[in-house]
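Quick heads-up: structures coming right below.
Look for chain A in each of the two complexes below; its partner is chain B in the first and chain C in the second.
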Partner chain A sequence: MQGLSSIGSQLIDLCSALLLLTCFAIVAQRRLSACVDLFALQSAVLFVTAALVAYLTKSHHIYIAAGLTGVIKVIVIPRVLKKVIDHLNVKRELVMHVNVPTGLLICGGLVMLAFFIAQPIIPLGPLLTRDSLAIALAIVLIGLFTMIARQQAVSQLVGFLVLENGLFLGATAATYGMPLVVELGVFFDVLIATLIAGIYTNRLQDAFNSVDTDQLTILKE
Partner chain B sequence: MIALVVVVVAPLLAGGLSLVVHRSAWLHRINLASMGALVTAEVVITQIVLRTGSVTALDQLVYLDALSTFILFIIGVVGLACSLYMRSYMDEQVARGMIAPGRLNLFFFLFHMFLLAMVVATIANSVGVQWVAIEATTLATTFLIAFWRRRESLEAGWKYLILCSVGISLALFGVVLLYYSSLHVLSDAGQGLNVTELLPVADRLNPQVLKLAFIFILVGYGTKVGLVPMHSWLPDAYTEAPAPVVAMLAGVLEVVAAYAILRVRMIVDHAVPFAFAGGLLALLGVASLVTAAFFILIQHNYKRLFAYSSIEHMGIAMIGFGVGGPLGTFGGLFHLLNHALAKSMAFFASGNIHRRFHTVEIGKVQGVAMAQPWTAMALMISGLALSALPPFSAFASELQIVTALASQGVPGMELAGTTGMVTVALSDQFSRIALVSVFLVSAVLSFGGLLYRITGMVWGIPPEGIVRGEIWTLGHLPIILLAGALVGLSMFLPQPLQQLLIQATTILVVQ
Partner chain C sequence: MLLTIALIAAQTTVLLAVSPFLVGLIRKVKARLQLRRGASLIQPYADLIKLFRKQPVISTTTSWIFTATPYIVFASILTAGLLVPTFISQTPMNFAGNIIVLVYLLALGTFFLMLAGLDAGSAFGGMGSSREAIVASLTEPAMILAIFAIALTNGSTNVSTIVHKTALMEDIVTDPSPHLMALAALFIVALAETGRVPVDNPATHLELTMIHEAMVLEYSGRYLALLEWAAGLKLAVFLSLIANVFAPWGIATTITPAAIGIGLLAYVVKTAALAAFIGVIECMFAKLRLFRVTDLLGVAFILALLGLLFFYTLRS
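Right after this comes the complex of A and B.
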């Protein structure tokens, strides 16, 4: 049992590291559809992580959450986003507020910041998934950064979804999943939010002939 | 516990019916019926809570105490006023072609879902369920804000969706951390987010985790309250949304989000020194007050004017909660109510003006007193109430907050001095005087700015082509009632309401 749990712990660390890696890949990627693919990949890794935690801790409700991740975040949401992208005339990020190398450096800094913030509270967590909390916070911060650094509505949406993935990792790893009713509610909200943002993106495209959010400057003081 | 079921089922049922009904008259009837049921149920709940202190029901899912009942009361009052106002307002929008007749039922559906989400956020026992409901309010209102489908409203809606979703996600991280802290203390993990479970053991939760959780939750829900610096979506959304929606956003949603912060703060205060949460709240409050006062001065759009005034008043309430103590907390809660009443009235009045003048520019609106004498009076009353002038109840609550601030000071100040992280060279008394002067100067600035703009709109001669004379509609009824309430509450606080406020204050003040 000791051996299994130590291997399990290492596997979970590996998965968390992979999740972080996909974040960096998203930050470095300019093509919108590739960003969506990377998001699907990240969600698939998240699905494996959650299933692993569920198996090792024998808590059945995490299986449900993992299954929902598989269905909603790996299959449904990427499909919706692909549909949205098909409708656009510009399918890549043209001008970024922060160029890719600088963006990657900043993300590296954010990871350090996340570990710095989480350091005092890490020892309180369950042994199996201790380090994942800091990584989860890092993913949240990188998601936030992506939303600020990008201009296309779709990449901002991907940033939001990455942020949600970080939250899910945090909830699963640090606390072995939140109560089921909360978990279900969160999934529902994320799904609806994506659909709404997708519809919005289409309307922006129709109204402004672009989804570059830098053009949203009619309203100001 | 039929009343509890009614408050949830009424908006749910009304929302479902709105999807299948298409006739405008019936949509309004359903709306009014469900609001009537909601308000009646709330009266019953208030009586029960006042008698028993708190109610837990439906397998621990629902928890109501004086604080949440008070919030529920605000939802009911403003919601009913909005429903009455919508009767003429929405029909006119359809008649003018701003809203396609076929989309009217969608508007009502979203409106009911918005209401439902706010009710659930208020009565939920679990902080997690509360989070889900507050995110649901974002989703329901996004399309309501952009219901006119112009380019401007799309822009406002997108900003609102993105900023609030991100803010709310940060709050979720805070909720996760709260749950994380409870795992070591509670045996039954499935209940670990319930307020009823967390409160009794709150002093044993890990303070480090709680501090981090509170910061995330404050930033997250603070975005929905519209506290500076997370406020940038608010003026845009308030300008673009239809008047009844803005009244709900300003009157109720801000209050519900503030309530969510207060709920978590109750737990945090048991484990962490009071100065931590109080200091943070007061800091954001002062920042909001000062920033809003400045923007009120330079405003040339009357809807934005009232939007910034919302930021100002939520800042004032936050200062009240931050300073804490019985006086500050009572003032803060009372201020939430007064602001909800005055602000929904202000937006009803500006909705009427917008319908007549077809512009939101202050410079292009003149002579409302001639064109719409009663609306002009409503605008003046709400403006005076929002400036917290004496015959109105906001004066009383603002006075309570200033008194609390002057006598107790902001709790974070001494903390910063003693920890040595920030050297506070000023004496305690001096910092108090400085804070009170900042408060008063900002209040005077926004008072001057608000009244200057409003009087400019009210007097003068209406531009060519504007119809003169008030056109009476059912929408004037809520305006008159709200005006009566604003004046009445300052002289006389009805017994049940006063009891509710005092009990809610006791809950919030940790001995």
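Right after this comes the complex of A and C.
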């Protein structure tokens, strides 16, 4: 039994590391549709992680959360985003405030920051794994960074979704899932936020003929 | 003593025999995914035999570097291959050098290939050498850091010791994160170093894209055969390294006929699986623009660095 749970926690660690890997791929990726595909891949890994946690802790409500991740984040949201992208004229290279190598270095720094912040917290609670909490924090920070570093609305949305994935990983790995009602609320929120941001992006495209959010700063009354 | 020599000979034979097969397999997988039938798996062997029979043509403007390079490249990569465990975890040559020697033996071959590209004085050769220099200078730090991350988790820089310990699961730090980061970094480095698709396209002679092909453009006959074979060997060395360091399943840890048989089979299956995966990647991705290659190798560098730092943060 001890052996099984230690293999299980190693598998969760492995999945968390895979999640971090997909984060870096998203930061380095310049093409919008590929970013969305990578987000779908990340969500699929998150689905596996959540299912593993559910199996190891035998808490059934996490299965429901994992299933919702599978349906909403792997299938529905990427489809919505793909539809939005189809409507836009920016399919090729993304515009960023920092170039890719600098962005990667900053993300590396953020990961280290997350590890040092999480280091004193980890021994305090009975955690399944040692590093998934730190990785969850790192994913949240990278998601935030993506939102800041990219100029276009859709890629900022991808950053938001990555951030949310990090929060979900943190919630499942550290506290074995939030109450189901909260979980459902969060999923509903994310779905609606994506839909609204999608519509909003289309409106931006119609109004400015571009989805560069920097242009919003020149709006005056 | 006799056994050691026999094992060295066996490993050399395996490496030489497997490398054209891996090249052929990648081409075959690519062809099948593009709904072509593709050349047969023994085609690279036939190509090598044909090239060895042809008379080489050497430009009169070249120096001794041009004729010496194929032998230097071939010998350095083959020596590097003898340091990497293939079917047996304790390679007979493991006293000769560790993983850092391996990296710089490969770099020696690259260096002479760049010189040879410049030597003939053709525009393409110089262009290829210049590009190879960019790629090589970016892959080296990533590769060294990835290798250090692995070496730290195993407490040794000797590839044989690393593989042997991992295969027997003895006193290693079992944290998957540093390993996964190092694996991803090393895989990107392998793609770049062996001239595979996101960095270089081995199937084209289009002047805008070629790197490795541009450097060997002036070669013909047995020199070209040696260089092609060396390129295949380099692929085999990288795939053996990745397969045996990260997944040493089935590798022979003792010298018994049964263990060696299983080890050989496992080796061929693992490297073939990796080669097929590279074939799939070549179909899925387009070649990157030359100045975007830095992004890809930047990812490799950051991942390797994180792997290294994870080791320390997880240890403390």
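We take it that the second predicted complex is superposed on the first by the 213 of 221 C-alpha atoms of A that agree within 3 Å, B and C clash if a C-alpha of one lies under 4 Å from a C-alpha of the other, contacts with A are read in each partner's own complex, and residues count from 1 in each chain.
We adopt the following convention: contacts are C-beta pairs under 8 Å (C-beta built on N, C-alpha and C of every residue); 3 or more make two chains touch, one makes a residue touch a chain.
Bear in mind that the values here come from a model prediction, so they are computed numbers and not experimental data.
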Contacts of A:I196 with chain B and chain C, given as first, second, both or neither: first
Partner chain in contact with A:L104 - chain B first, chain C second, else both or neither: second
Residues of chain A touched, compared between chain B and chain C (which is higher): B
First (chain B), second (chain C), both or neither touched by A:V186: first
Residues of chain A at both interfaces, chain B in one complex, chain C in the other: none
Residue numbers on chain C that touch chain A, as the complex places them: 174-177, 180-181, 184, 292, 294-296, 298-299, 302-303, 305-306, 309-310, 313-314, 316
Complex contacts: residues of chain B adjacent to chain A: 61, 126, 128-129, 131-132, 135-136, 138-139, 142-143, 146, 149, 151-152, 154-159, 161-162, 165-166, 169-170, 172-173, 175-177, 179-181, 183-184, 189-193, 206, 208-209, 212, 235-236, 239-240, 295, 298-299, 304
Chain C contact footprint on chain A (complex, rising order): 10, 13-14, 16-18, 20-21, 24-25, 28, 30, 100-101, 104-105, 107-108, 111-112, 115-116, 119, 130-131, 134-135
Partner chain B, residues of chain A touching it in the complex: 117, 120-121, 124-126, 133, 137, 140, 144, 147, 153, 156, 160, 163-164, 167, 170-171, 174-176, 178-182, 185-186, 188-189, 192-193, 196-197, 200, 203-204, 207-208, 213, 216-219, 221
